[in-house]
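Next come two complexes built around subunit A: one with subunit B, the other with subunit C.
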Partner chain A sequence: MIAETGHYALILALGVAIVQTLLPLLGARFRDPQLAAVAAPAAQMQFVLVAIAFIALMTAYVTSDFSVENVWRNSHSSKPLLYKISGVWGNHEGSMILWVLILTLFGAAVATFGSNLPRQLKANVLAVQGSIGAAFLLFIITTSNPFTRLVPAQFDGQGLNPVLQDPALAFHPPFLYTGYVGFSMAFSFAVAALIEGRIDAAWARWVRPWTLAAWMCLTLGIAMGSWWAYYELGWGGFWFWDPVENASFMPWLAGTALLHSALVMEKREALKVWTILLAIITFSLSLMGTFLVRSGVLTSVHAFAVDPARGIFILAIMGVFIGGALTLFAWRAPLLQQGGLFAPISREGALVFNNLLLTTACAAVFVGTLYPLALEALTGDKISVGPPFFNLTFAPLIVPLLIAVPFGPLLAWKRGDLLAAAQRLMAAACVALAAAILLLAFSRRGPWLAPLGIGLGIWLIMGALTEITYRVKLLQSAPAEAWRRLRNLPRAAYGTALAHSGLGLAVIGIVATTAWRSEAILAMKPGETADIAGYTLAFKGVAPRQGPNYRERVALFEVTRGGEAVTELTPSKREFNVERSATTEAGIHVSWRGDLYAVLGDQLKDGAYSVRLYFNPLVRLIWLGALVMFFGGAVSLSDRRLRVGAPKRAQAKVAQAAAGK
Partner chain B sequence: MTRKQRRGVLIGGCLAVLGMAVGLVLFAMRDSIVFFYSPSEVTQMQIAPGQRFRLGGLVETGSVVRDEGTTIRFAVTDKAKTLPVTYTGVLPDLFREGQGVVAEGTLEPDGVFHADNVLAKHDENYMPPEVAKKLKAEGLWRGGGEAGSVN
Partner chain C sequence: MIFMAVRNILFPVLLTLTLCILLASGARAVQPDEVLQDPLLEARARAISEGLRCLVCQNQSIDDSEAPLAKDLRLLVRERLKQGDSDQQVVDFIVARYGEFVLLKPKFTPHTVLLWLATPAVFAAALLLIWLTYRRRQSAAQASPKLSVNEKRRLRRLLDQS
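Let's look at the complex of A and B:
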């Protein structure tokens, strides 16, 4: 009964979404405000209906209702509760419902909190949002219905892929999807602006918080995925330039660019056409990410669906939305008036530079990700484009940007003074260079570029600090005065500084762990010891253990450093009875130096085990950096100007207009 | 600066960055692309020793031999031709005889494929789509529709 309720709610939601798409557009056509006003309640209704469907599916999972095929395929009664819940989105059908749930949540949020939006803009935005919802609901209902019954019902399920039974991965998809789908708001606003042929600074004020929220979630989602791959897959790497990773990374790059260009639009009314285009591109890349990951054209853990009909359906959705939006752009963009002029050396100029390099780097990743697919489709040759390609193309494009980042906030709008900015950054540059030179002198191994990379990370952090100290005039004024300024500084300024220093932290982590990582692959017998990066690991043996839904063999390593006991590492190999498959659990010791990482391999013929040991210096900084970026976004989002600025101004305008009459 | 000059700077900057990106992509494409071959293709083609490629197929049943240390020898087959492979390191969890595997490395003059990376995906029924496609093309496909599913 619950499954049927969910299915019914989905079909109703599709109907509501179609109404939400058509009536506001008709309302705009015939200038009927009542038709346009249908959009808001429709968006709320659509969210409620999809939420009912989602809760129905979740109920089926939690109660282990194996008469539902989707539950039978992806769950098992012995699974811990957390993974019964996360199993809802651990499969194709459920994850698509989650996708649409988040989409409708954003639509409902605009309908509910957007009472200050111009009426026509709001109706158009909700209409576009409704059309995306309608397309994906149609996709779910026709090709990926999660509520299909199984006759006869099964006694127990087939279980969830063991590598997915993991806390970080339980939350990775919701965050990632919130990021992907959050960009749909920017898309809907862009298309609505094109339909109206009008766009102003208030538009950017409306778009920026949504884009920022989406960007934050995407940052966190990508970081979680990377963290999971690091400790769960047993390779000790944090990023593989895998097409699936790239699929989430490209919208992030484009979204980061959008965040910065929206800033120019909001403050200076410049880059209007470009911001619109970027909003369309960012969501198009999100759609493409969904397509690549869900259609099964790529080989990966994510490739749930191999049904070609699904791939073609998503491809069609992509074609309609991307093609439609770009056509509309080509037709209507010339109508948009160009805004403020600026000199090449200015805050605007710096943000253009940011956009240029981010989008170019994104294009390089795009080529590397899609070239193999295109080549196979055209010639039948199968190739893979691996990390060397991306390191060679992405790094040279992103390094100039990283060098330029601290300059941006120190340049004035309209016309900046590069020399003055450089003088203010002198201290930061000295610290960064000194660190690089010291490292260069003392590091005995690793590439010579690595100390410069660390210096770059320190430059970013020091540059962010410089901006704050400059703005509060820390050194030129009395401490009390500086403190007052510090408190009065807009939160957006702190957000920028936090996000940029988070980037610096991540750069340091990436460079350090890539350049100075130690690795050893050994055959060890119980009683033997191994040395790595100053640690000594004594292998004590392997013992069996029983987990909630698996059996495992656990190895015990006693770790010492300079004769002193540090910790015990217990890497294991788990055999999942239900799914009949195995996973590797790495043993990881975290310290301020880095991670000591041990993986247990197979048993060899003479009683030895193959063992893989890594030492990853400063690797945690990568995820810490992402977390700092996330909080930077959150601080910026809490800025009063961002929250209440736009409505205040709109109301003031209305009041003025009323007074004028 | 006039409006025209400003636009000139902007367009010039864009072209410079784009040109650099195109150059980098073309340069990287030449050196860092890895082709995927089946054992049959490897035997037909002249592959220079030292050229990196990916070898895909099934791990031949009964072929896995563990040498001393962590070196493992096995054979990859597409049911028509078979190629010996040697690999030093820890194999993925789902490396099994009779299952699909993709190995990356070089073919050495002794006719043995020296892999430095072995991929086997996380599923009992999993077969790399490349392998499934090749087996289908060669009429040796026996699996059902299950083969690409990973969950």
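Let's look at the complex of A and C:
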């Protein structure tokens, strides 16, 4: 009965979504406020209905209702509760429901909190949002119904893939989806603006918080995935340039560009047409990711159900939304009024540079991901495009961008002074260069470019600090005055500085761990010891242990450093009873220098075990950096200027300031 | 995108699991018994392995993969190196047997021209577009008419009011 309730709620939601699409559009078109007003309650209703469906599915999972096929396929009664819950989105059907749930949540949020939006814009935005919901609900109901019953019901389920049974991966999908789907808001706003043929700074002010929230979640989602891969895959890698990773990275790159161009539009009313296009591109990349992963066209998707019906359906959704939005763009964009002028050397110019490099980098990832597919489809030739290609094309674009980052916030709007900015950054540059030279002098082994990479990371962090000290006039004014300025600095400025220094942290982590990781591949017998990166590991032996739904063989290493006991590492190999597959759990010791990482392999013929030891210097900075970026976004989001009613207040302030002068 | 979520990182894993672990349960990648005595030779072997694709595990290099075929290829690479082949000779030897599909960094050939040139082309096109837009906007701004007498009067009146 619960499953049928969920199914029924989904169908009702589809009906509501269609109403939400059609009536407000008509209302906005014929200036009928009553028709337009349908949008808000419809959006709220759609969310409630999808939430009922989601809760119904979750109930089926938590109670292990194996009369539902989806639950039977992806769950097992012996699983811990957390993984019963995360099992809901650990499969195609359930994850689509989660996707639509987040989509409708965003729609309902606009309906509820968007009371300061112009009525017509709000109606159009919700109509576009409703149409996306309708398309995906139709997709779920026709091709991916999670509520299909299984007759006769099974006694127990087939279990969840063991690699999914992990805390980081339980929370990874919701964050990632919130990111992807959050960009639908930017898309809906862009299409609504095109329908109206009107766009202004207020538009950017409304769009930016949604985009920022989506970007934050996507950042965290990608970082969680990377962190999980690092400790679960058992060789300490953190990024693989896998097509599926790329599919999430492309919207992130485009979304980062969008955040910055929306800034120009909000502050200076420039780059309007480009910002609209970027909003469309960002969400299109999210849709393309869905298509790539769901349709099975990626070579790496072989492991998953390859169902052409689903692929074609998503391709059609993609065609309608991307094609429709771009057509609308080609038709209406020329009508949009051009905004403020600016010199090439200016804050706007810096942000254009940011957009140029980010979108080109995004294009590099796009080409590298899709080219092998296109080539095989057209000529039948099979080629591989792997990490070497991406490192060669992506890095030359990103490095100049990273060098330029600290300049941006120090340039004035409209017309900036590059020389003055460079002078202010002198201290930051000196610190970064000194660090690079010191490292170069002390590093006994290459790669010799690595110290420069570390210097680049330090440059980013120092540059972010420089911006804050410059804006509070730390050295030029009395401490009390500087303190007052520090407190009055808009939170968005802190957000920028935090996000940019988070980027710097991540760069340092990536460079250090890539360049200076140590590795030892050994055959060890119990009682033997091994040395790596100053640590001595004594192998004590391997013992069996029983987990909630797996058995494992656990190795014990006693770690000492300079004769002093540091820790014990217990890497293990888990055998999952139900799923009949194994995972490798690394033993990791975290210190400020880096991670000591031990992996247990198989027993060899002579009684020894194959053991892999790594030392990954400063690797935590990668995820710490992502966390700082997320936090920077949150600080910026809490800036009152982005909140309700802000435009008026900000204008009043500007008027006051002008009067004061 | 849905999928990417879980699958994002999951795919390599699932592949590894389904294709590799099932085929050959074992520790990841290079095994102690494969490692060459000569550290220089071993370093070369590792570098070559990182650029070669494991043919049965999609999207993994033979250095990362634990499939039996990857192990065979790793041993083959080391065998050729021991016989005194240069890095390029080893790679050519393997490409001759398994095709260009094994190269994670595709060669620059007629059918990969677009792949390699697309990014520089996008960059150049974007630069050109920015430059053209800038010039057009600049000239449009210069060509824009000055305020008429009436407009000036209205402006003065508005300024006086405030």
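Basically, the second predicted complex is superposed on the first by the 636 of 661 C-alpha atoms of A that agree within 3 Å, B and C clash if a C-alpha of one lies under 4 Å from a C-alpha of the other, contacts with A are read in each partner's own complex, and residues count from 1 in each chain.
Rule of thumb we're sticking to: a residue touches a chain if its C-beta (ideal position, glycine included) is under 8 Å from a C-beta of that chain, and two chains touch if they have at least 3 such contacts.
In this text, all values refer to a predicted model and were calculated from it rather than measured experimentally.
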Partner chain(s) touched by A:Gly601 [first = subunit B, second = subunit C, both, neither]: both
Which superposed partner A:Gln338 touches (first subunit B, second subunit C, both, neither): second
Which of subunit B and subunit C A:Ala247 touches, first, second, both or neither: second
First, second, both or neither for A:Val320, with subunit B first and subunit C second: neither
Which of subunit B and subunit C A:Ala153 touches, first, second, both or neither: neither
Which of subunit B and subunit C A:Leu169 touches, first, second, both or neither: second
Partner, of subunit C and subunit B, that touches more residues belonging to subunit A: C
Touched partner set for A:Asp381, first subunit B, second subunit C, both or neither: both
Contacts of A:Asn74 with subunit B and subunit C, given as first, second, both or neither: first
Contact residues of subunit A, present in both the subunit B and the subunit C interface: 90, 92, 161-164, 234, 299-304, 341, 344, 352, 356, 360, 363-364, 367-368, 371, 381-386, 388-389, 392-393, 397, 521-523, 581-584, 599, 601-602, 604, 610-612
Residues of subunit A touching subunit B in the complex: 73-74, 90-92, 160-164, 234, 296, 299-304, 306, 341-344, 352-353, 356-357, 360-361, 363-364, 367-368, 371, 381-386, 388-389, 392-393, 396-397, 521-523, 573, 579-584, 599, 601-602, 604-606, 610-612
Subunit B residues within the subunit A interface of the complex: 1, 3, 6, 9-10, 13-14, 17-18, 20-21, 24-25, 27-29, 31-37, 54, 66, 68-70, 88-91, 93-94, 121-124, 128-130, 145, 147-151
Subunit A-facing residues of subunit C, complex: 1-19, 21-22, 25-33, 35, 50-51, 53, 58-59, 61, 64, 99-106, 111-112, 114-115, 118-119, 122-123, 126-127, 130, 134, 137-138, 140-141
For the subunit A and subunit C complex, residues of the former touching the latter: 89-90, 92, 95-96, 98-99, 161-164, 169, 172-174, 176-177, 180-181, 221-222, 225-226, 228-229, 232-235, 237, 240, 242-245, 247-248, 251, 286-287, 289-290, 293-294, 298-304, 338, 341, 344, 352, 356, 359-360, 363-364, 367-368, 371, 375, 379, 381-389, 392-393, 397, 521-523, 581-584, 599-602, 604, 608, 610-612
